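Have a look at these structures, which come just after this line.
Shared chain: chain A. Partners: chain B in the first complex, chain C in the second.
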Partner chain A sequence: MTKKTGAAFPYVLLVLVAAPFITMYVGFFLRAFGEGPQLGIFPERFGLSNFSFLWEPITWGLAETTIWVALANTILFASVSGAVVTVVCMLAGYAVSRIEFKGKNTFLVLQLFLHAVPGQILLIAIFFLLYYLHLLHKIPGIALARASLEIPLGVWMTKGFFDAIPWDVERAAMIDGCTRLQVWYKIFLPLVKPGVAAVFIWGFLFAWHDFIYVYTLLPGTAKLMSTLIQSLLATEVIDYGYLAAMSLLYMLPPLTLFVLLQRALLKVPIFGGKGI
Partner chain B sequence: MMKVTLRNLCKYFQQIKAVDGLNLEIAAGEFLALLGPSGCGKTTTLLTIAGFYKPDQGEIYFDEQLVNDLPPRLRNIGMVFQSYALYPHMNVLDNIAFPLKLQKVPKSEWKARAIEIAKLLEIADLLDRKPGQLSGGQQQRVALARALVRNPKLLLLDEPLSNLDAKLRIFMRAELKRLQKELGITTIFVTHDQIEAMTMADRIVVLREGRLQQVGTPDELYDSPANVFVASFIGTPPMNLLDAEIEVGKGDYRVKTSHFSFSLPKEIVAKIKYIPSHGVVLGIRPEDLIIGEGNIRGLVYVVEPLGRDELVTLEAGDMRLKALVPSRLRIGLNDKIEFSFSVERVHLFDKETGKSLYKEA
Partner chain C sequence: MDRTLQWRFIGLDNFLRLFGVSSRDPFVPRIIRNTVIYVAGTLPLTIFGGLFLSILSMRLRRGMGLFFRSIFFIPRAIPPVVWGFLWAWSFEGTRYGLFNGIRSMLGLPVIHWLIKYPMVIVILANGFLGISLSMLVFSSAIASIPTDLTRAAEIDGATRWQTTRYIIIPLLKWPILTMTAWHLMSFVNSYVYIMLITGGGPYYRTEVWSLYAYHTAFNRYRYGYGASLTTILIVVNIVLLLVVLRTFGLRRMIGRGKIEV
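Showing the complex of A and B:
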């Protein structure tokens, strides 16, 4: 008996710790699909009226927008950011993995140091940088800035992928007539394909759920999902059902990507994201 | 066909001299083996010839052209790596044709040439497989085909047989040798296995700690090793090496070990350059020992049957000697026996420098 109690103890503890979170998630789903007044987390009846934003315009300050505009903008923002992270990291990762140059170690240490700097600290500097480059208030410009935050860790990540490729394969390619760049795109990129996918998704996801950069650097000019949801919270009366339904939609693309490509993603250490 | 010349080639890694002052002429069409234990600098030498390492000193010439600064892709060489280094994402045909595609050879031509070389190496039925679906021997043939497809002027082989099983290795040894002679490509071949070097190469270069020990044909290395290292490295089972001294009497040179002594025959005396005062190392090949007759007494320590021959370890005084004898002798453990050796076939080395006391032939 005591043995059984002992074995059950960790499970009881884990359930207790997990219970509040599970309750919140269940409540969130119920709320999104619920209608009418709530009894605790349970709604009076179920329906799809909370999803009215899918076919109706949404108020945005004094103007109006639609969910589809916000969704398209967010996809553009996250895709550009993901693409920039991928291209830069794949090139830089190859260089630091395979080419000897002066200050390489310093460069690598600096990347880790940069990664440790919170992104918010850079906001003002980036604001002016984008202003002088005439990129302020433009989605690709902000996507570029967002991408730069993930590049330091991404370089380490891609270096790891390239480190795993034997030197002999690279030497064989160079004997066969490849230049360095040809080795990179004819041999190395195909070999680290899952890595390429993983880095892209990683860059995409961090941009997708970004709020502070979008909020500060794209004020009102372009509507993205994160700022749209924030604007729903910033009203005096919050319609939680509506908010939950829209958040559910906001969650769907990353969730789908993650499910589809989880095997590729498992190869990437998704630790220490900026979380802003 | 191309001649390769190394002049005072040096390659250092920080403090370590991986290759130290190597001078070598490789004749056009020659099959040359770089032989030595691991860490002797043979692979470094090969990679420097290929252009992956830049020599810290010295020059590499292909025919009369100085190639020190030429990148590997412009050297027109083929190379087979120990791990074969096939491109895992391409099928066999694409692997073989890759060097031609990079040269922008039209498709009909690269296809025809790749198939031709695949037929020569008997892998034409594997063309649409991926490297992961091939056995080690097949992968090696693909690697060889890829190295040969663009008719290189120089072929470099880095331990090409060491990942094959014993039977296949012996088979491929002969195949490679035949192929090299047929194609007539100057070939440099790195190995730590002296049998591979002996069986395949026209000439062998023995390296140790980055320094050249001896260059010569397999027979020269076997019959007249330049120093104790070469003597012990070449030949299986290895040469017996015993500490000895030479006593000079009236027209007589006597070699004395702790257990036996003998007079040197005239033809050997004639070859000796000098007699060191600090002692010598006496070398006797196992096959030069004669068991059952002679005046040296010993005890059979162990007998290892090898089929045609038997390898007998003898204990004589504080020495142990290996003898290669015909199997029919039927010797048992701990048998007391008498033995001798062919005195005209002994080797003598300076104990301090390790160098042979014989004049070079």
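Showing the complex of A and C:
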């Protein structure tokens, strides 16, 4: 083997493995912007008719909705979930970082255990919990359930943020007469601002991407983006271009958020979430 | 408990049924076999595929390596529904599916991928999802290996393969163990992508344990039996978790201030 072929070797292997995936992604993209039947990668002609859902109602079977309702529902769901995760984790993370209490280590280990058991197998239990609490089939109720699954890892994450703050800051504030909550609110939150944003976006993204909870716990016509795409996929005649276009719209907000807030998100293990 | 949502005490009936003592559930052996095949397929794919891709891509120039790594990271960055849709569409059985379209352009007959090889498709879809994470972890571990070590090996006359085999892979022992444990648990429990791509079909050929539990509870409305199936799964999980904690050392995990995935 000469030196030149030796250097090309990894490229060849990687391209071979990546080729089907690149084909899939490119085909998907072209499909979204194509019109007419598509054989292989290239559509007959390019156009925006697949994006007709932006101005026309969407129908599947006998049901009908518009994209804006679905988008609004998804935003509501993801924001509630993200907000709950942020508030709970910020308080809990502060407590486990700064206050010594009985059973703290047990609590932290329990959080790890809870994180390790994937959330999607707890669905039956969650279903009954929400049923008895009369929260089933309501978006905020399901957002609450969704948020609870991200909290275990979130507590560890925020604990890390608070651990990085020196004790002197807190002591000085307490000598000046702050209570615990005031310290948390006035001193700590401003100091971990990027962390707050990161935790919120992290909760928001996982709720935005969520499918199985919404699909199971929120049946019927109150559609979110993920279940809307799934129900269009489950019909008899599937318009793949239409679906590809809708998927692009669905992926756009998280990608934008991600690009805009990359710096803050780099501090967060983005891939440890449940339901993935 | 069934669709009336009325609670009725039946003792251990569900578990007896599950273990085939009374009124046997005919699907259980098949489900167990499917689950074993599924996990045995996805786990090596994730670990060895991730190793392979990370070692190769770390050899390239920075930009090119990053390009390939982002291509393989995409599955984790896009929503599950879109990933499921992508696979369902690419391997659709008619000419309008992506790969069948390419085949028919080349004049080849169409293949009914999802009917002929449902398990292979499902394993690939989930395996590459696992690869996206394991590859990232392995690459960052490789990047943190001091260059002195590889340089020294090079000077001693080691080939590329020898450097990889005797320097890099032994140093990756810890990430490999972590990723194996993590993905073992995640694959035992995963069913969302299977549900989206094949729905457990055709005729239970890709129905794994967790998906069967889901279908029993939410499609056949037999919540009680579904919960029993899930209970078994949770017991399996706890056993796996205890094994993992024993091997990795619980104390070290608590001792760390931050959690690093």
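Note that in this section the second predicted complex is superposed on the first by the 269 of 276 C-alpha atoms of A that agree within 3 Å, B and C clash if a C-alpha of one lies under 4 Å from a C-alpha of the other, contacts with A are read in each partner's own complex, and residues count from 1 in each chain.
FYI, a contact is a pair of C-beta atoms (placed from the backbone, for glycine too) under 8 Å apart; a residue touches a chain by one contact, two chains touch by 3 or more.
Quick caveat: nothing in here was measured; it's all calculated off a predicted structure.
Model built by superposing both complexes on chain A: chain B and chain C fit together without a clash.
Between the Cα centres of chain B and chain C, as seen from that of chain A, there is an angle of 100°, stated in steps of 10. By the document's definition of touching, of the two partners only chain B reaches A:182; chain C does not. For chain A, the partner that touches more of its residues is C, with chain B and chain C as the two candidates.
In the overlay built on the shared chain, the residue A:229 is in contact with chain C alone; chain B does not reach it. In the superposition on chain A, contact is made by A:251 with chain C only, not with chain B. Of the two partner chains, chain B is the only one that A:190 touches; chain C does not reach it.
Applying the stated contact rule after C-alpha superposition, one finds that A:25 touches chain C and leaves chain B untouched. In the superposed model, A:259 makes contact with neither chain B nor chain C.
Of the two partner chains placed by the overlay, only chain C lies in contact with A:125; chain B stays clear of it. In the superposition on chain A, A:172 contacts chain B only, with no contact to chain C. Of all Cα pairs linking chain B with chain C in the superposition, the shortest spans 18 Å.
Across the complex, chain B meets chain A through its residues 47, 50, 52, 71-73, 75, 77-79, 81-89, 98-99, 102-103, 143, 146-147, 150. Of all residues in chain C, only 5, 53, 56-57, 59-60, 64, 68, 71-72, 74, 76-82, 84-86, 88-90, 92, 95-96, 98-99, 101-102, 104-105, 128-129, 132-133, 136, 160, 185-186, 189-192, 195-196, 210, 213-214, 217-218, 223, 226-227, 230, 233-234, 237-238, 241, 250, 253-254, 257-261 touch chain A in the complex they form. Taken together, the chain A residues at the contact with chain C in this complex read 6, 10-11, 13-14, 17-18, 20-25, 27-28, 31, 37-41, 105, 108-109, 112-113, 116-118, 120-125, 127-128, 131, 153, 156-157, 159-160, 163, 208-209, 211-212, 216, 226, 229-230, 233, 240, 243-244, 247, 250-251, 254-255, 258, 269, 271-272, 275-276. Residues of chain A that touch chain B in their complex: 166, 168-169, 171-179, 182, 187, 190-191.
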